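Paired with chain B in one complex and with chain C in the other, chain A is shared by the two complexes that follow.
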Partner chain A sequence: MSDSLREILDIGVFWEFRNILLRGLLVNFLVFFGAAAVALGVGLGAALLRVSRFRVLRAVGTVHVEIFRNAPDYVMIVWVHFVLPLLIGTLLHTRFELNPFASGVLALGLVYSGYFAETFRTGIEAVPSGHLEAGRSLGMGETLLMWRIVLPQVVRRMLPESINIFISLFKATTIVSLIAVPDLMYNVSMITQQEMRPLPLYTGAALVYFAIVLVAGSALRAVAERWRAKIT
Partner chain B sequence: MIRVVDVHKRFGTLDVLKGVSFDVHRGNVLSMIGASGSGKSTLLRCINYLETPTSGDIFIDGESIGYRGDGSRPRRPRPLAEINRIRRDLGIVFQQFNLWPHMTVLGNVVEAPIRVRGMSRKEAEAIAEACLRRVRLLEKAHEYPARLSGGQQQRVAIARALAMQPKVMLFDEATSSLDPELTDEVLAVMRDLANDGTTMIVVTHEMAFARDVSDRVMFLHNGLVEEDGPAAQIFGAPKSERLRQFISKHVHA
Partner chain C sequence: MNNWDRLVWNQREALLAGLQVTIEVCLISFAAAIVGGMVLCLLRMYVKPVRPIAIVLIEFFRATPILVQLLWVNYVWPELFGWPNTFFAAACTALAVQSSGYLAETFRAGIEAIPKGQREAAYSVGMSPALTFRRIVLPQVLLSSAPSIINQFTVIVKSSTLVSVITVQDLMFQSQKIVNIAYEPIEILTATAAMYIGFIFIVSMAGKLLADRLRRSYGIGSRLPT
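The block that comes next holds the complex of A and B.
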């Protein structure tokens, strides 16, 4: 192997910059957990709208789901970061800005809330009506039924699909680098420009993401399976 | 203590109940029999307002379930929260058990006493254990419903209803979805309850149970009470031709 080829392939450069790369990875996780929280909260809200007794609320829920589920992640990030502040600023007659991190969390959270809303909704509708009747006949109100009888079953039922959505979301966190959120991918690009060694750096990044998704995904699936086994 | 007054129920254009009235006194067991489609399950579900009667009224100890106010002023329908409050006093056991699969047996039984009656966990568990002992399933308290047989699940469902200390127990074909060898254990529990003086309204296809345990039997046909009387009379000396046919078809000597 020629020296030049060896230099190109040398993964050591990835190790050399481990501190800044790790800090980038931490940002990925922060974006992930922030967006996941937004997605779960807003998604649950939208799902509750979609199963509401009132037609208007159901329609609002449907519009939400269709808008966000059908928006490309990148378009949504750009829109939230550059367009939304302009709109808000104009409406409030002030200057308004979102920092890139907040934009990334909000945009990804909204997109994935669309997916979670549908997962929550199918889960809610899958709970047998007899379970609700049993609760009503014991004097439980609708809110109590939702929190004690419906949602705990929904969470268990939607776990496998949720894990897939979480994995997609984690992978999507890398595109926040495009609005200069200093995540792993962003830092890799910066170092690449400086070192001119794209192969080890980008390959290293790919391997890191791959390893995380593989390990976390399998672990979550195993835990989810054991948890569900108890009740079915 | 329970008074059903001229209850009608219509689903779309289908008249399921065409004006049914009766009383059940404290400690009595009333069985409702009749062919499927006769309206007996709908009637039972109307009694605790899982189905809202199209017209008519139901009183428990003189209090209307569906309406506010006394006879002097125009009555208004009760809001759901109030119906829920009155409904606690009516335990119901369903054909499909309807246990909550994510809670243990004990969790199922203590849920409503804690969340609805506002009992402490300790207090609720003491009551739950007494109820589980009555259905002879105390040793299964920490199992999940999926691990139990159908008959055991139904006995837990009975314990769950009992834990609210209802004034009346309603049974909606409680053994109809069980294998024959599992019905006996559920019927045995129901017999015990009846012998202990529980007020019960039972919709059933188990003619032996209706004959031996009930104080009164009501035969429904096409949304009306066709015949009504003491068990001995209904089974021993049926008056209407329909009841005679029904009995000869369902009672195997």
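The block that comes next holds the complex of A and C.
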């Protein structure tokens, strides 16, 4: 017991491989930002479909949300990485490949677009109808109304409340290591295999993620609190 | 359609065996997470000396990614505590540990939402704190947090796809095994994804219906996390 404890506290291994581990962490952040961009864009699109006037478009939006919100991250990553390129290749009659990084970003982006779509939709529906009527009475078209009146309010209101989704997304970026994207977790597993010392490495990795999520989470929440105080 | 027959229907025994393991892992860790979450919550709220420890544990369980936790429990715990000694136990422990952190916070919110007057009324008719908790607080907390608890079950099912990484032979493991043998991923992976999505969809629909019903019958506001 005390031997294992001493080994856990031995951060020498972590220091020895600091370069490769930091590069891995950078990959986590790159996947995070890429997937967040995809998720926000696709999520907004799906939300607009869900509040559309046309029933068909609404149905498409609903199906999108229900599929991706209920899909496990890992299953979606594996599907996008191994199945989607084949389907696209068959459609285009060419060989099509996605590198692991692109697959990871796309899959996580799609999964989290389902969550963002719901957040955006609640935000759109929360805009008082008086604002819409005022806009219409000034002669604004539906599109202009959406961009000028509705969306600015939605973004201000919903981004602070999306913090939990962003945090889940960041935690999910570790899963891309399973399709060989060289993120922190992938590098930790590789070093473990080479050094045969899982204790300090896995414990260290857990603590690194813990620290990042805790610090970033509380910082974002503090900022959001201020932001919300300003708009309401 | 021929491919679907050959790759999915003919492999149904392996897939069903995997599904059974998935369900076992999910149910065991769900039950453990509810108990663990309640214990963590009570330690945090009512046992002053261990309060900081409980807070750190809850935050640690909530803030670490499930894959990291799974590998950490699987590789580090056996050397530290001599347990868990099987991959199956490690998988259940990791999933339970993560969800117990979330459920502890759900329960805390539920307990704090109960008006103080109810507890005072219970004490004034001579009920002990333990009895008050069991008779007055706990039933209301379980009812008001039922939608969140069900939602947590969908999280467990989603996370359970990762236990294949430590060679627990769940649905994901079986389907990837078939892919590795047949080299034809389209049908089998699509079918697997559809099974997971369908299952989680049904569970979350049940949660939503229950939340609506609670709101209508008891006026309990649901706090379903997004």
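The rule is short, and it goes like this: the second predicted complex is superposed on the first by the 223 of 232 C-alpha atoms of A that agree within 3 Å, B and C clash if a C-alpha of one lies under 4 Å from a C-alpha of the other, contacts with A are read in each partner's own complex, and residues count from 1 in each chain.
Just so we're on the same page, contacts are C-beta pairs under 8 Å (C-beta built on N, C-alpha and C of every residue); 3 or more make two chains touch, one makes a residue touch a chain.
Quantities reported herein were computed from a predicted structural model and do not represent experimental measurements.
Peer 1: Applying the touch criterion given at the start, work out whether A:G130 contacts chain B, chain C, both or neither, answering first, second, both or neither.
Peer 2: Only chain B; A:G130 stays clear of chain C.
Peer 1: Which of the two partners, first being chain B and second being chain C, lies in contact with A:F82: first, second, both, or neither?
Peer 2: Touch status of A:F82: second partner only.
Peer 1: Between chain B and chain C, point out the one touching more chain A residues.
Peer 2: Of the two chains, more chain A residues are contacted by C.
Peer 1: If we overlay the two complexes on their shared chain A, which of chain B and chain C does A:D73 touch? Say first, second, both or neither.
Peer 2: second
Peer 1: Determine, under the contact definition given at the top, whether A:R221 touches first (chain B), second (chain C), both, or neither.
Peer 2: neither
Peer 1: Under the stated touch criterion, which partner chain does A:I149 make contact with: chain B (first), chain C (second), both, or neither?
Peer 2: first
Peer 1: State whether A:R58 touches chain B only (first), chain C only (second), both chains, or neither.
Peer 2: So A:R58 meets neither chain B nor chain C here.
Peer 1: Across the two complexes, find the residues of chain A that touch chain B and also touch chain C.
Peer 2: Overlap of chain B and chain C footprints on chain A: empty.
Peer 1: Report the residues of chain A in contact with chain C in the complex, numbered from low to high.
Peer 2: Chain A reaches chain C through residues 1, 4-5, 8, 66-67, 69-76, 78-79, 82-83, 86-87, 115, 118-119, 161, 164-165, 171-175, 177-178, 185, 189, 192, 198-199, 202-203, 205-206, 209-210, 213-214, 217.
Peer 1: Which part of chain A faces chain B closely enough to touch in the complex?
Peer 2: Chain A reaches chain B through residues 128, 130-131, 133-142, 144, 148-149, 152-153, 156, 230-232.
Peer 1: Which part of chain B faces chain A closely enough to touch in the complex?
Peer 2: 48, 50, 80-81, 84-85, 87-88, 90-92, 94, 96, 98-102, 111-112, 115-116, 144-146, 157, 160-161, 164
Peer 1: Which residues of chain C touch chain A in their complex?
Peer 2: 59-60, 63-69, 71-72, 75-76, 79-80, 154, 157-159, 161-162, 165, 172, 176, 179, 185-186, 189-190, 192-193, 196-197, 200-201, 204, 225-226
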